[in-house]
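Look at the two complexes coming up: chain A is in both, with chain B in one and chain C in the other.
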Partner chain A sequence: MDKLLSVDGLKTHFFLKRGVVKAVDGVSFALAAGETLGLIGESGSGKTVTGLSILGLPPRPAGRIVAGSIRLDGVELVGLSERTLASEIRGRKIAMISQDPMSSLNPVFTVGSQVAAPIRAHGLARGRSAMDLAIDELARVRVPSATERAGNYPHQFSGGMRQRVVAAMAIACKPRLLIADEPTSALDVTIQVQFMDLIESIQAETGAGLLFVTHDLGVAASLCHRIAVMYAGQIVESADVRTLYANPAHPYTQGLLESLPKLGARQSRLSSIKGTPPDPLSLPDGCAFHPRCPHATDRCRQQAPPSIDLGDGQRASCWLLENA
Partner chain B sequence: MRQYIYKRLWQGAIAIVGALFIVFIAQRLSGDPVALLLPMDATEEDFAAMRVELGLDRPFVVQFGLFFSDAVRGDFGDSYLWNQPAMSLLLDRLPATLELALAGLVFAILLAVPLGVLSAAYRGGWIDNTAKLFAMLGQAMPGFWVGLLLIVVIAVKLQWLPAYGRGTLAHLILPAIALGWYPVAAMTRTLRSSMLDILESDYIRMERAVGIPERLIIWRYALRNAAVPLVTMIGVYFANMLGGAFVIEVVFAWPGVGRTVVEAVFARDFPVVQAGVVLASVVFVVVNLIVDLSYGFIDPRIRHD
Partner chain C sequence: MALLDIEDATCHFDMPSRQVVKAVDGVSLSIDRGQTMALVGESGCGKSTLARLILRLEPLTGGAIRFDGEDVHHLQGHALKRFRAQVQAVFQDPYSSLNPRLRVGAIVGEPLKAHGVPRRELSARIDAALTMVGLPSQAAKLYPHEFSGGQRQRIAIARALILRPALIVLDEPISALDVSIRAQILNLLQDIQSELHLTYLVIAHDLALVEHMSDVVAVMYLGQIVEWGNSETLFSDPRHPYTQALLAAVPRPDPTFPRARGHVTGEIASALEMPSGCRFHPRCPDAIETCRSIAPLEHMVAPIHKAACHLVDSAS
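== the complex of A and B ==
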């Protein structure tokens, strides 16, 4: 396959005193260069941990990748040493734009030196020329008067500008894969739009693959080519973005889409998915979604459904689709 | 920035005036000085004459004014014991105290920074456990007792280092360890807990995500963030050591300010005690000002502009 990233049967579990949390439990997907895949789910569905696992940074000390394979350009990443991951993969081939711009920059270093840090760490340039490259990156993410601003500290920037600095730091070494973890959820709506435009243009420029982790269906629809919906550590449905929004197959995806307000439609109340996400320490037997599913049968309560190919690249894990 | 310095200098001056006032009051409360100076069979007239001579008959405010104007010129009277001006007696001994305090501080920092950083970076590992033991011992064992132990074991039994006095570098080692003992424990614990918080922070995760080597993350990017609370502690302990490492100086017969003040207390040498208290408060104010100004260099968010 000419896939940039292929994740196969990834399992990242948290070993806590109270038990094992299967935060990511058998996740598989693939991503081509230049493609954007949206990883969608509620808080706790495992989407962020999936992103961190790809970076080889499952939350320590409890989190561990226990099974599966992550291949980047055909090279297996699971099992690489920490040193190799840091020096050859992170920042260089895969980088992450993290969630909260207010807390993702080191408060006691100038933004220029923070953007220059990965450039220096990966040996692309040293000293003053690393700083010059950092200033170029700041200009690329459209930080105004980048040369002067490079000497400023994070607290002298607005939230939207900080998020651009974080993006500059991530793309500084031209990674092949960008993981964006809810990069817009802490921003105002107008700033969100600007930032998404920026991400799209960065991607167009560099041809990087983008894994876009979010709970925001609207943002995902406008940015992603394909969507994978996560629930309780598993991907319950994946499809290209049009198919998914037009013909959601999994009851959970249907519920998510129905809970969005629609323009022009008269609704007295938004519908919602009843119940709450399951306790990660004791997932229900069978399909993890069955306690909240309006169509659940006895079979759903006993056996986990297989992933069913629905054609046109759409797959969903649900017993209801077996005969469809 | 300049305005901030002026403001802090002004506050420092008020604190020192406060200290002078307390010293002045304490002197009045410690008994009638005339009774100490006159012979047993002195008459009522002798007392009155002596009071007039010493200015004790004048209003309280005037007496404080006179004391204050002498004090700001560094004049606390002559030492009864040494027959020389009290403040210059102490200032002569300040270099010895400074030397010991600096040595104690360097010892504490050299031990506490690696212990605190590494125990956070390798939480639960052997360094962490060793550091915990150090911190517990440090806080449970008072400095004078550590000093006595060091003298008994290192100086007397093993005869590696001299037990008392000042002179060579070898003389400095044991008192410096005894003096730095408690600060090591406190600084290690503070540094460990702030490093633990910082190493879990989003910005450290971001730095890891772009491939910054862990060594650099710990010693550069995280440690600088942990430095602010550490510098606060360093300032407090350094001021304490300078203002009077009384116990340690006595235990090791170190010819510094602290020991001289202790001797003065026992000899009821009031001018020296007063000068000592005032000197300690001046040192405290100055060190704290330096610490507060240094924050701005470590953390840009606290720059006073």
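== the complex of A and C ==
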């Protein structure tokens, strides 16, 4: 098995007083070393909870992984004790880069000590040599004058530089898998480009796999090798990036791509997807997208569609594709 | 005559350290009635401060802003109140811009009360505003939390429309919304504009959106307008290296499109330590010696297209 990560039938549900939210409801995908998989979806689609579940951090206390398997290099992670996850997995084999670099850095410690923290915690080095390694990581993410800057505090950095510090912390222990949740959303476009270049060079150097969680179809197109589109807790379509953008098969993917304003292609009016994303506490019967789908039939309203293999690694869950 | 005329506007903030932040530093622009002007630039470029100056939410420290011929920052009494009714705003985040304790009817109707519209007219006008943004009249009885993000933005738009303004400032009107909802709200804004002959000032960082909805674009960098022009010409032939860099950096929803390479380096400078000469020169790939010492003037490069760059030739 050459896959770095395989997620199979993952279900993470939230048990609330008002009912059960099936935030992630039967998600399966695999990721190879050095590969970037984009997990695309809107707020509430389950993309972030999928990432957190892989880290063994489904939001507590309501969230729980209720079914499925997550294997990293063949080792099952679901069911591992919190102690094992904390000491051997998180920060060591899987690391996360989150959206807002200001809230993932502690304002009262220098960035050097924060980058050194995972190195010390996982026993890779101690004391001064951990700090030296931290400075190496800061230099690797191209923080200028890393040695001096390691002694600065987060507020002394710009947004783009802070995101680099967070990346340095994530790669400090040479993880096999990086999970990046909207890492570029808070950045300006010229800084976004620089950060995407950085992520690619880190991957080329370390061979880490990257799960890239985003709502931004532009950033995903530029960075990802493959894309999985989530809607209401499920992957509705997955494909190689070029196939997905050139030949989207699921009506939701088609609707999203058609609704984007595109540079250099002025339209008088945008096509739009009708309706709003569903209430997670009362998902529609059948296909969750059917109330918004322009092609929905009675069958779509009653039965959830199977995932259909369309060849060339493309799959989509839609009844319309059954005989295609 | 232009509906809004900004002449050499400045907004400087004095810091306790005796330094001065030049958030807006000599901006001149004008918007015609019925037009949509977009203001683009990175965070910290001063676009939101400029919008707040236009809304008279921030004091001008120099220059003038005229709305329908009147000096906005010297209005008083009834004239000021009239101005407040004529110029409305829709903000980015429909979760924080609506009072969670008020029913939608009260939120949308509040401007009417503030402007002394008789009580008996309220419900009919609230109804009309809700209909206009595609919400049912029953919505008036509900609270904001009962609506999705897209619907909340519709409520904010209804509130902005209810006094029948002439100008609406749209500050990142769709960037907090789900992707599948954005096109709906954009289409709504366009429909309302043509129906009511509204003038829009859109502040946005999404250039594809800007190209889609604007007639005229102004690109801001460190408190100044570096390029201004008719949207079609500016997007097809950007002349300022900063505009070129911004456009090249836009992530396209097309995997075959190559990512911008080595176009601009570094980050926007601090407004506390303004670079000498052209403010963009430390990041500019084409900077020459002159750029380091002398601030460039605006050149006309086409009939409705100006750029402030030493490397740009004036149209002959």
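The rule we apply is simple: the second predicted complex is superposed on the first by the 323 of 324 C-alpha atoms of A that agree within 3 Å, B and C clash if a C-alpha of one lies under 4 Å from a C-alpha of the other, contacts with A are read in each partner's own complex, and residues count from 1 in each chain.
In this section, contacts are C-beta pairs under 8 Å (C-beta built on N, C-alpha and C of every residue); 3 or more make two chains touch, one makes a residue touch a chain.
These numbers were taken from a predicted model, which means no experiment stands behind them.
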TODO: Look at the residues of chain A and decide whether chain B or chain C touches more of them.
DONE: C
Open item on the list: Under the stated touch criterion, which partner chain does A:Gly9 make contact with: chain B (first), chain C (second), both, or neither?
Closed with: neither
- [ ] Go through the superposed model and pick first if A:Lys262 touches only chain B, second if only chain C, both, or neither.
- [x] second
- [ ] Considering only the touch criterion stated at the top, classify A:Leu57 as touching first (chain B), second (chain C), both, or neither.
- [x] first
Open item on the list: I'd like to know which partner A:His215 touches here: chain B for first, chain C for second, both or neither.
Closed with: second
- [ ] Once the structures are superposed on A, label A:Gly123 by its partner contacts, choosing first (chain B), second (chain C), both or neither.
- [x] neither
Open item on the list: Just checking: does A:Tyr153 make contact with chain B only, chain C only, both, or neither of them? Give me first, second, both or neither.
Closed with: first
Open item on the list: In the overlaid three-chain picture, which partner chain does A:Gly79 touch, first (chain B) or second (chain C), both, or neither?
Closed with: neither
Open item on the list: Touching residues of chain A toward chain B in the complex: what are they?
Closed with: 55, 57, 61, 82, 85-87, 89-92, 95-96, 98-100, 103-109, 114, 117-118, 121-122, 153, 155, 166, 169-170, 172-173
Open item on the list: Going by the contact rule set out above, which residues of chain A touch chain C in the complex?
Closed with: 42-43, 158-161, 188-194, 196-197, 215-219, 221-222, 224, 241-242, 245, 252, 255-257, 259-264, 266-267, 269-274, 276-277, 292
Task: Contact footprint of chain A on chain B as seen in their complex - done: 123, 201-214, 216, 221, 224-225, 298-301
Task: Contacting residues of chain C [partner chain A, same complex] - done: 42-43, 148-151, 178-184, 186-187, 190, 205-209, 211-213, 232, 235-236, 245-247, 249-257, 259-260, 263-265, 267-268
